[in-house]
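Presented below are the structures under discussion, each in the form of structure tokens.
Across the two complexes that follow, subunit A remains constant while its partner is subunit B and subsequently subunit C.
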Partner chain A sequence: MPGIKDRVAVAGVGATRFTEHYEKDQEDLLVEAVEEACTDAGIERKDIQAIWCGVYYRFTGLSGTTAADALRLYGIPSTRVENYCASGMDAFRNACFAVAAGVYDIVLACGVEKITDQGSHGLPNVLRDSIPPFMPPASAPALFAMAATRTFAERGWTREDLARVAVKNHANGAKHPKAHFRREITMETALEAPMIAWPLGRFDSCAVSDGAAAVIITTPEIAKKMNHKDDYVVVKANGLAVTTASPMHNPGFDYLGFPATRMAAKQAYDEAGITDPARQISLAEVHDCFTITEILNYEDLGFCEPGEGAAFIREGRSAADGNLPVNPSGGLKSFGHPIGATGCRMIGEITRQLQGRAEGVQVKDPELGLAHNLGGPGAVCSVTILGRN
Partner chain B sequence: MPGIKDRVAVAGVGATRFTEHYEKDQEDLLVEAVEEACTDAGIERKDIQAIWCGVYYRFTGLSGTTAADALRLYGIPSTRVENYCASGMDAFRNACFAVAAGVYDIVLACGVEKITDQGSHGLPNVLRDSIPPFMPPASAPALFAMAATRTFAERGWTREDLARVAVKNHANGAKHPKAHFRREITMETALEAPMIAWPLGRFDSCAVSDGAAAVIITTPEIAKKMNHKDDYVVVKANGLAVTTASPMHNPGFDYLGFPATRMAAKQAYDEAGITDPARQISLAEVHDCFTITEILNYEDLGFCEPGEGAAFIREGRSAADGNLPVNPSGGLKSFGHPIGATGCRMIGEITRQLQGRAEGVQVKDPELGLAHNLGGPGAVCSVTILGRN
Partner chain C sequence: MAGIARWGVSVPVWRLDRGMLARAWDTPALPGERAAASGDQDALTLGVEAALECMRGGDTSQIDAIYFATTTAPYAEKHAAATIAAVLDLHDVMTVDVTGTIRAATTAVRTALDAVRSGGARAALVVAADMRPAEPSTSMEQLFGDAAAAVLITADGPVSVIGEASVAEEFTGPWRRAGDHYVHSFDGKIETESYARAVERAVTAALADAGVSPDAVSRFAAYAPDPRTFATTAKRIGFAQAKDRLFSTIGNTGAAHALVALAGALDETSPGEHVVVAAQGEGADALVLAAGAGVESARQVWTLQRALDDKRVLPSYERYLRFRRLLPVDEENEPPSSTIRTWRDRAQAFALYGVRCNECGTVQFPANRACISCSALDNMTRVRLQRTGTVFTFTLDHLIAGEYLETPVPRAVVDLDGGGRIFVEVTDCEASDVKVGMPVELTFRLMHEGAGFKNYYWKARPRRDV
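And now, the complex of A and B:
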């Protein structure tokens, strides 16, 4: 099977700032992100032939009309893709397939979530709605905290290791004009913050944000005639792997990483022909819903050996000036996490990095970038690899 | 753009009975439908390389794990597609794109909904959850009733015309072993039934059902080596068109048909090279959520001229022995409507009809079949055309 390697191009990217957008509704956010992506690609909105929109919460988006209504793009196909926190990257994946199939020339993948202000729905109901009756009731911090305590016991990792991730991501996000939390923090700030679910404190947890992100996708042949004719980005691979809806409730789960990430990464590395990700991947945007998740991602993505995750952050290897910068945007922790929007936001960040025009910290001369979305409590993972053409 | 015409094959189909499945959960239903489809295709479940699952209600399905967990198919991609009542057919569409792109050899499109028994969720909450806060609160019967009264005023159609659709579809469904309501009804039964939203009575409205449906999709080359090597079915076209989330609340809406259907049908006819659907389409499974919808579908799909919809049913042209049989399965009215499952169920019915092995009424020697899903209050439409290889 040929996969989509080198058959699909990213022609333009856009994103709103991720923050509490009390003054804008989800339609405003989508329009802002898509207009930026269209301008970046050098097309008009009406050139879009089909849409895939990643939205997680039902009250922020329902059906393909979520995007079509916002953009006033009627009469074309528009599909809502929902796959937990990987919704946005799965929207991107399906859009890539349609272009690779030759069905459309220019399509839009996007994602949006407006969750900080939902009137009567509000945050308590966000939490209620996030746990369907077939899943055991446990909050995300409580679940990921178990992974942290397990690594403390098994690996000897510490709260300081977690705090290092928060400090790094805040240092990066502080420089990004679109990040939710644009300020640096100290180790003391992270360690002394209020506890949410021990050992995860406030700075170990990403926040709830509003925002939207958009990607214009086309073929390399067409990209050569668009704005980024010289520096369009090509899709090298996408992997998507699903496990059970709640692997953390599985008695066999070891809490030392996420099988979904390992399986999605293997798919993507096989497709892209990557045999040594630690050397071949220039930078990554990974799913740091919690600081412990980022450290486990290092291992699951093959950036280091199992058990070496904490050393990876301690030694600064994932810092902006490290040998494999991770989350130079600030990550979910500092950039924010409007669920459906995050996957396409990551694709946009990697694209701009590969083009040498990152909005925040620019990594030096990257060749291959990886975006990683982990959805549910480790239930689903999508890994996308992008490269310079 | 080449579209997917003749590039994708239906290798196997399966469905549960659509009914009140109090004794089975949604996982049972999905497994039953998928096992039947695998057996029909001559494959094992583990041969499936990727999954698309159409699910509408959040409490019946969330993320790609909905299907992966039921089928115990872990480590492969699984995507939830949600597009109102067109969720199942949009899952099929995306699965077709992935196969046409050459990314996978054998994939599964499926749909499921378990809504008659939801414990504390129950039917009142089904209704509450079906109307997100950004949509005006009006029930589906109330909205579609306005289309009926409009046609009464503009076209001179009557409650008898609506009842004829119910009588036809019950006559067909009575013969189908998997239909929800397996009994014939008389005009009197339909006309004297309790009113739901005038002029739509109980027999003008499809019911809430539980059920699942599945389709195994591959390339024609591979289908030639599978169970249906001689009579596999090929995809001739798919059209999907989205309008606003609630076109019926648009002051410009004329209530005499659905623009989404007309636009999706045009896409599909253009792709399939169909210039005279009334003559070229052998049979159709259309979205008769209400009897008035089926009559308007005749017009929107080009089976007759605008205004002639009622004549089409009066003259028996859509009857099982008519020149363009519509809903020989019994349709949503008699067969039932577990929302996410309906699109794939229709694909399965058309496939079996083209293969001469319909489970209920067999249409005589069909060449081309059309499946039509209308979602939301006319918000989104998917049209799939299948043909003999």
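And now, the complex of A and C:
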């Protein structure tokens, strides 16, 4: 089994600003992100041979027509990918594997979400057509808040530990031109904000935002003839792991982390040959849908030992100038989380970092970057490792 | 001789201070408090709770009939007794709702006695519950209370029914037409006079049937519209010692009142005592009971007195208004429901069936063909989950409210005693009371009305230590 390592290149990336795009629809956003990615790669839209588009909500778009209609690219394969909040990176995975299979030369992975059309009071509660009677309603923050509560009881972590993540990511996002929120916050601001789902307050939660992101994928051979012939980025690994959507019914679930992340990371580390992620990974864009998620990600991704996640943020090890910068872009905290778009945005962030052109948020001489996209109540996780060619 | 073998009560934890109502409307205050059901309770959920208390530790296998007595059934079409049967995991039973009159409970008891005496039922469970709607600012708002009680009728209950009578009297009061929001009452002495006349006739006839004189009766458990009418009627019949402790503590509990009072009386009755139970409404029913030797051992641990003592006073009138849907809200994002899914999942949702994996022993809920721990396929044993457990983790959700409840809504992962993990809302407490490790018990509640029907499920509440 040859795997994916070094067989696929990122030829170009693009993204809209992530914000409340009241004046634009999902098609406008997709066109903007894809055009930027095509320009970055030095290709035209018509050079795209197949499309995978991450979309979570059915009100954003159903089927492959969501991307095909936006781009007026008809007659080629186009597939909507939905895998909870990891939809975007799963679109990327499908696109990569199609190129690695040798079926296509140039394909598009993209993602979009137009959430604010449904209002901005939390995520729209239109997940399913029917729910079983034994599944009471709960908000997305509530599902992650229960992990925070458990760490408070089990590990002695506090709301201050959570707030440190918000302060760090907002400081990073303040420097990113495409972030939704571009201002720093203080610990006091984070701690005094209204509650969303105790113990998670407003600044522990990512915002409701619109946006689109796009990645042009090709082979390393073809990438050598494109815009980034000298600095194209290669895929070192991709892992995807799916666990239960009902951890709240799983007697073995300890709420101290997400097994899906651990399993996806193991797949990716094995393939990329990473044995000591804390030393070998130069930077990471991780799924900080909530501050507690980022802290648990540190542990699940092997950046620190189990139980040391809060110390990892306290000691500044994940800061922009730390030894393993996490979310130098500002993360979901600063960008918001237009669900289908987030995974592809992360790929774009890591790509630009590895190419040394992450304006405002560039980390020093990165070699390997990790992107981590987590979906559902920690149920679906995709981990991608990118490296310089 | 046919009679009552078991009994149980359910009183909502919340009390409304009548002084608060008086201050809200600048009206005179009646003494004491009234029970106020939470926004996630209705007559059916109160009745389920009373049925479970009545049958706590008991054998339900002899129950062949379930009667549900109320004036406030959740549906105009679709009876509630079958839901009680589903929760009790009883299926080959006759289910009957007796509705439309505040004497529904005593009528149901008489009907159940006939079923048992005729051999049509080995045992019959009678559940009475009410949550009568009172117009804000009226004296009825202060007077009415919400509660439920249940009695198990058997051929040889320790409390024998030795006399019975009913009278019918066409009289309009109190009444509520289909479509009326509130109970109406003719404001005048004729109503109390009608009450007293009907109850006196029925009780006198029942005493004659039993061959018992009024002065041989030690307890009078009766519905009455108000405490004064209760006292004057009891005196007229000759029950000099009759007392009602419900009006000042939980209120006039409508169709449930006579059985709640009866349960409280039986909690304290000694062998050899006579008890009369009566209720009025378009006439009256009366029964004379004789307590036998087993009456004391038939007592449940959750007595009426404990239910009266287990209370929390509502901090505001506004919360009561929200509980009772008296503040109009425009519903949006109704939770998606499916009557078909609810039917398919009925054993899990109502009777709380989970499964135990025969290979790894994990008790799990909801049921699945493959084990959540070891993936073994089709090797499960159905088990009924216990209704007690411990909070493993929780959140206080400000974003998605429970319908008709205050936000934040506590939502918790609960590890049940004996195995199984369940995700439930926490009710009957303040959000700040919820803690990791807190002992809780499950209580049957109205969740929401998604898809236009009543969606019932379990919630957790702080454990009442019994």
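Before moving on, here are some points about what is shown:
Throughout what follows, the second predicted complex is superposed on the first by the 366 of 389 C-alpha atoms of A that agree within 3 Å, B and C clash if a C-alpha of one lies under 4 Å from a C-alpha of the other, contacts with A are read in each partner's own complex, and residues count from 1 in each chain.
We take it that a residue touches a chain if its C-beta (ideal position, glycine included) is under 8 Å from a C-beta of that chain, and two chains touch if they have at least 3 such contacts.
Since we're looking at a predicted model, the values are computed, not measured.
Contact with subunit B, but none with subunit C, is seen for A:L62 once the two complexes are overlaid on the shared chain.
Touch criterion met: A:P141 reaches subunit C, while subunit B stays clear of it. In the superposed model, A:A358 makes contact with neither subunit B nor subunit C.
By the touch criterion stated above, A:I106 is placed in contact with neither subunit B nor subunit C.
Look at A:T149: by the touch rule set out above, it reaches subunit C but stays clear of subunit B. Of the two partner chains placed by superposition, only subunit C is touched by A:M195; subunit B is not. Subunit A has more of its residues touched by B than by the other of subunit B and subunit C.
In the superposition on chain A, A:H249 makes contact with subunit C only, not with subunit B.
Overlap of the subunit B and subunit C contact sets on subunit A: residues 121, 129, 132-134, 244.
Contact residues on subunit A toward subunit C in their complex (touch as defined above): 121-122, 124-126, 128-139, 141-143, 145-147, 149-150, 152-153, 194-200, 244, 246, 248-253, 255.
Those residues of subunit C that touch subunit A in the shared complex are 333, 335-338, 341-342, 345, 348-349, 362-366, 372-373, 392-400, 408, 411-413, 415, 419-425, 431, 436-437, 447-448, 451, 455-457.
Interface of subunit B with subunit A (complex): residues 1-4, 7, 51, 58-59, 62-66, 68-69, 74-84, 90, 93-94, 97-98, 100-105, 118-121, 129, 132-134, 239-245, 259, 263, 375-376, 379-380.
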